[in-house]
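Encoded as structure tokens, here's the structure I'll be asking about.
To keep things simple, chains are lettered A, B, C, D and E as they appear, and every chain counts its residues starting from 1.
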Amino acid sequence: MSSDSLLSIRDVSVRFAGIVALDGVSFDVARGDICGLIGPNGAGKTTLFNCLSRLYTPAAGTIAFEGAPLLGVAAHKIAQLGIGRTFQNLALFRTMTVRQNILVGAHAHTKANFVSDALRLPSVRAEEARLAGEADELIALLDLGGVADVAVDSLTFATKKRVELARALAGKPKLLLLDEPAGGLNHDEVEQLRTLIGAIRDRLKLTVLLVEHHMNLVMRVSDKVVALDFGRKIADGTPCVVQNDPDVIRAYLGTAA
Amino acid sequence: AQNAPGITDTEIKIGQTMPYTGPVTAFSTLGKGEIAYFKMINDRGGINGRKINLISLDDGYAPPKTVEQTRRLVEQEGVAFMFSSIGTATNTAVQRYLNSAKVPQLYIGSGASKFGNYKEFPYTIGGIQGTFRAEARIYARYILKEKPNAKIAILYQNDDYGRDYVAGVKDILGDKYASMVKEATYEFTDATIDSQIVSLQGAGADALIVAATPKFAAQAIRKVYDISWKPMFFLSNVAIWVSTVLEPAGIEKAVGIISSVYVKDPTDTGWDNDPGMKEWKAWITKYMPEVDPRDQNYVNSYNEGMVLVQALKQAGNNLSRENILKEALNIKDMQLPMMLPGIKVNTSPTDYYPIEEMQMMRWSGKQWVRFGDLLSGSL
Amino acid sequence: MSALLELKGVNAAYGQSQVIYDLNLSVADGGITALLGANGAGKTTTLRTICNMRVRCSGTITFAGKKIDGLQTEDIVRRGIAHVPDGRGTFVHLTVEENLVLGAYSRRDRAAVAQDMERVFGYFPRLRERIAQQAGTLSGGEQQMLAIARALMLRPRLLLLDEPSFGLAPLIVQEIFRILNRINTEDGVSMLLVEQNANLALSLAHDVYLLETGRVVLNGPAAQVRNDDSARRAYLGY
Amino acid sequence: MTVRTEPVMAAALPKAWSAWQATGVVALLVIAVIVPFAVSSFHLLQLTMVVIYAIALLGLNILTGYNGQISLGHGAFYAVGAYTMAILIERAGMPYWSIVPVAGIVCFIVGFLFGLPALRLEGHYLALSTFALAVATPQLLKFHALEKWTGGVQGTFVPGFAAPLGLPLAWDQWLYLFSLGIAAALFFFAWNLLRGSTGIAITAIRDHPIAAKTMGINISLYKLLTFGVSAMYTGIAGALGALVAQFVSPDSFTIFLSLSLLVGAVIGGVASIFGAIFGALFIQFVPNFADQISKAVTWAVYGLFMITFMYLMPNGIAGFLKVIGERLRRRRNS
Amino acid sequence: MDTFLHQLLSGLANGGIYASIGLALVMIFQATHHINFAQGEQAMFSAYIALTLIQAGVPYWAAFLIALAFAFIAGVAIERVVVRQFDNAPVLAVVVVFLGMLFIINSLAGWLFTYNVQAFPSPFPVGLGSKFLSAHEIGMIGVTLVTLAVVYAFFRFTPLGLAMRAAAQNPEASRLVGIRVGWMLALGWGLAGAIGAVAAIMAAPIVYIEPNMMAGILLYGFAAALLGGINNPWGAAVGGFIVGVAENLAGAYVVGTELKLSVALVIIIVVLVTKPAGLFGRTVVTRV
């Protein structure tokens, strides 16, 4: 394992009744990198994310985050460790406003509890002000100002995806897991997203693991790409290498790409 | 003394709470009957020119609601006194309030023996019915006489009502209770009591006392019959009614069951020519033509109303709460038309139980046949 | 060719907020019409309006010469309009097979249904592998395949496709567009296609409409737009 | 299986008050304090019950409205609070005011413990399990082994007292003010809690538990604490209720009480703090009103009221007022 | 031993009652994803219809069928007239509506038929019975099993059953495949009403008929459905029998009758905590 490896995945396997979703997958993600994760539908990409979020427990294998084993950590402690994520099919808090969703994202960094909140102690007020400020910054960063106090339910898919990104960033992650952030975006918007991901990585100094079927985006934004097929890793390397890997072309890209 | 609130030259305003909603709505016919009874009294000119205005409010059989409604009646409506409110827990809930406010709580609709404790609660007078506890003593005495070595099973509803029967049997058996008796309870919310009957039979009992409300009494009668158990079977007189108990159970299945009675049974043809019964039937036909006259509560409401009217008549124009209470406790040897001949209503400042005698009876398959003397349930 | 679907002067709104303004649009019988536009332009809303799905609308919509505006969604569907909705509309608690059976719910030709089941399994072998799986546990792309397959199970005359490529791997996307093309040419199924990948949409479609904040700003044969660099750059950004 | 308990309307979390709202609340409080000197003792009793029910409903609302755990059995916690009051006064001779916090703590613990199995129960399963709890409550209270303390089927009296510090107030008046003070404090705490990060967290759990977990919320702990706090509120209400009724017995806490609480919470407005007050007014006054309309079909009238209210205001009275308020504001702005 | 066997069988008999009301709950749940608190009262009312007809001289089975038809139509009507209005209301609002209906139906029944218990005839020849199980109890268990088979087959083998489940889960997607969602819901209400009526008519000869007759039973019906799995007819039926037997045995031998309901409660909770979808229920997975 290289010293600057933030995340290291070793021989991870996940099975569901009769289905092998991940089959001995191993790879590393270096600190500061943007790592693309590609593969056909059902290859196990989201499943891998779910392992990193500790929503699934692998049948075999280990995962280390900053050198410490991840699989013994409870799911609700993951955010505190510094892993944030978005969801492929959206998992917003539907009755809340954009701002409130972002505030939930900051939960891992709040110290308030039932008692201090009920009494609204000075520390709570101070923290509230701090969180509000941070939320405002994210709202500005992701251009959500116009809808900040709108209930998320009435937003379009693409905006919702941005809210999810803001929410994930509110947790101040070291590792950001993005599951198909470009879903439903048109050509222009994908370009903007590409710049945004790069900017976020640079500004906030984080590492990104990116699942995406939009090759244009993945290949241009990633430092490294990992390809899965049927739960197995079939390629791993720079975008250029992976793009031209015959297995990847056969299983995933097809001829037209 | 000054007249009680709610009393004018033309009106006597009184209050009561009734379960018009909730689990025991069936009992609320008592209140309806009483309203109808006073309607008759009023039609005949009332009492000394005063009409009786009975305000009957729903308490859903929930004690906190009884408290609220009772206070509404006392403080808001300004009733002279409370009359014949139903329920043991409900009446208990307002007992302290009414006593400390010195508002008479007259002839309450419960056979619980605790409502006669005049030392602590001088304003609370029991209903015009035998107490459950006295009734149970009568059965226990009978068992001791007829079957001294009986193994007694008691099936009772797990509330004040049921527990009074247990207490009554204990009064008589004393130390022998533990060795002679096997208990089983049921809850009002149970679907059936079959399991309890099976257990009691399995315990080898040969006498059975059932202290149950009509529905469960009927189930008990049927189940005892169906499993060919033939104990000496005593049925609480809350549940002796042909239409709501014996017919549902199957009248042939009840043959031999023993119970007790202090009122006349309107379905017993033996009373057809009895003037008291005729009077009662005339009343119900005129004032409540739409109801099922076989409902036991209409007999009770008639009796309750009649005793109250007697007390009020005795009070004349001195209608202070103290005097009303005093006269309510001064009923002497009153023979009610719907009460068995010989059973008389008696109250006194040291006797808060208006009815203390009853007569035993046995179901013949066609009707209840009374037997033996009038018995007293006192110790 | 006559128009199979025709929208005339359609306005549509969610509650108070109007989204579509005076829309005139038609899909030729046997034709494929693409509906393009930026995020929030109202493409999805247009499809929902056609199916009367919780949108308030005015104007007239005719299908195969008959007025369908005002009809219940289910009755519109029963006339032969299948809709691959955005968000996929999976019956997440049912199995993959049950989802597909439901696709053919309004059909009466039971025997042909079994054949069609085989056919869609041919298109999407992955679904056959997952036939007894609870559909809600499928991967995102698998659910998208299921949504398309389910719509095909209706044997529709008109297919409304809301971003069919959504969440699908490049290879599958190519495959699906090939399939759509085949269904169009072989079975004569007409389509109204909403797609973010304009390039792909233009290669399949015969006609194209471009929406901007609820109004049509460009309309014409697809080939013409495809070849018109300035229009492409102005409206499609490439 | 997913059960949505939240109103369709979004953003139910309390926000900071506008000057208008603050003035309104202060005015309301002032009126509430003057009331005991202006109305008859019976009406005061009813108002005291309204205050108490409002506390209980707020407790239920925190759990069901904000956290999405449906309880059809909150009468059980109300009962525990009431019995704590009765037992500690009668058997331990503690002063009534000191029992209020004790009842709160006892109910918090009971609620927390009941929350443990509830963690594994979702939606309808939880609803029905709590329903069963409500049905079983009277029987548990009757249980003969506990009779020494509970008074068994007979129940237990709760005495009345004099107002403290020689205040020239009747017990009724004092009890009203006492309850009002407690209610004001509890409402204030709830309001703080729900608009703070705790409130956002418990609402997030309701909206999307998996996402909430990923955001770092300890779902089990928060659900348990919410259950505990909810039971605490309702239990404190029960303790005060025992002082008002001056009597507790198993029959006082039947399933009907639990159902009334749910009805109140929903009709007042789910996931709304002030909804609790409207709900309390409903369950206190509408049944009496129904009784006055018809003795023969009292319940039918009551049921009709419930359905009509829900039809006209599916998001409860509070939700309805909010919509009206927004419409007015929009009109003023335009 | 005799007593034990007897307790067991009488538990089965009670279980039959619980099972049949549990089936009605499964039906309504599958068809609407709601739990109808007024289910018991609807059933009770239908039983009164049957009783009224029988008392008027209509032969038993004819009255039975008419009552079922009545229950079906009443269920459809309730959905169309009342429940329909609350399509978009939050689930708790719907719960309150169900409670409102419970109060209304109960009250109307009391008003029309009084609150007194009445006998209800049994169609089964007395000769069938034995010491352990009465003729009616045997017949009732049989009827429960037949109902179960019908409900099971309906959901398992008919497209209508599938469409009904689909409509309850995802109305919008259902419309998109041409399912008439409104009618599915109404049909579900109708069928649940009819099954409930069977339950009440079968229970009535045992517990007698009165407006509150279903109060106790409904709780156990809930328990049955929860224990077995609310999305599985078999589960609900087996759950009913288990609850009936467990309640009897626990009451007779373990904790005494005073706490038997509490025991039932504890059993349910323990089962659900270990198997959240009930003993035989399908676990539904939510993934992200």
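In this section, contacts are C-beta pairs under 8 Å (C-beta built on N, C-alpha and C of every residue); 3 or more make two chains touch, one makes a residue touch a chain.
None of the values given here were measured: they were computed from a predicted structure.
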- Just how many steps, at minimum, does a route from chain C to chain D need if it may pass only between touching chains? 2
- Message: Treat touching chains as neighbours: how many steps, at the fewest, connect chain A to chain B?
- Response: 2
- Note on the structure: One chain pair leads in contact pairs, namely D-E
- Quick one: point me to the chain whose Cα centre is farthest from that of chain D. C
- Query: Where the centres are mean C-alpha positions, what is the separation of chain D from chain E, in Å?
  - Reply: 31
- Taking each chain's mean CA coordinate, chain A and chain E are separated, in whole Å, by 47
- Message: Can you compute the centre-to-centre distance for chain B and chain E, using the mean CA position of each chain? Integer Å is fine.
- Response: 36
- Query: Any idea how many Å lie between the Cα centroids of chain A and chain D?
  - Reply: 41
- Note on the structure: Residue ranges of chain B touching at least 2 other chains are 21, 23, 158, 187, 189
- Query: Listing for chain A: what residues touch at least two other chains?
  - Reply: 46, 55, 87-89, 91, 154
- Task: Would you please write down the residue numbers of chain E that are in contact with two or more other chains?
- Result: 103, 107, 110, 219, 258, 261, 284, 286-288
- Note on the structure: Pairwise, the chains that touch are A-C, A-D, A-E, B-D, B-E, C-E, D-E
- Task: Note which residues of chain B are touching chain E in the complex, please.
- Result: 21, 23, 25-26, 28-29, 158, 184-187, 189-192, 194-196, 198-199, 201-202, 214-215, 218-219, 226-228, 243-245, 247-250, 291-292, 295
- Message: Which stretch or stretches of chain A touch chain D in the complex?
- Response: 53, 55, 74-80, 85, 87, 91-97, 100, 103-108, 110, 112-114, 117-120, 124, 127-128, 131, 149, 151-154, 167, 171
- Message: Give the list of chain B residues in touch with chain D in this complex.
- Response: 20-23, 32, 56-58, 60-64, 67-68, 71-72, 74-76, 87, 89-90, 92-94, 96-97, 114, 158-160, 163, 187, 189
- Note: in the complex, chain C contacts chain E through residues 51, 53-54, 72-74, 77-78, 82-83, 85, 89-94, 98, 101-103, 105-106, 134, 136-137, 150, 154
- Message: Looking at the complex, which residues from chain A come into contact with chain C?
- Response: 16, 19, 39-43, 45-47, 88-89, 154, 156-159, 180, 183-189, 213, 215, 251-257
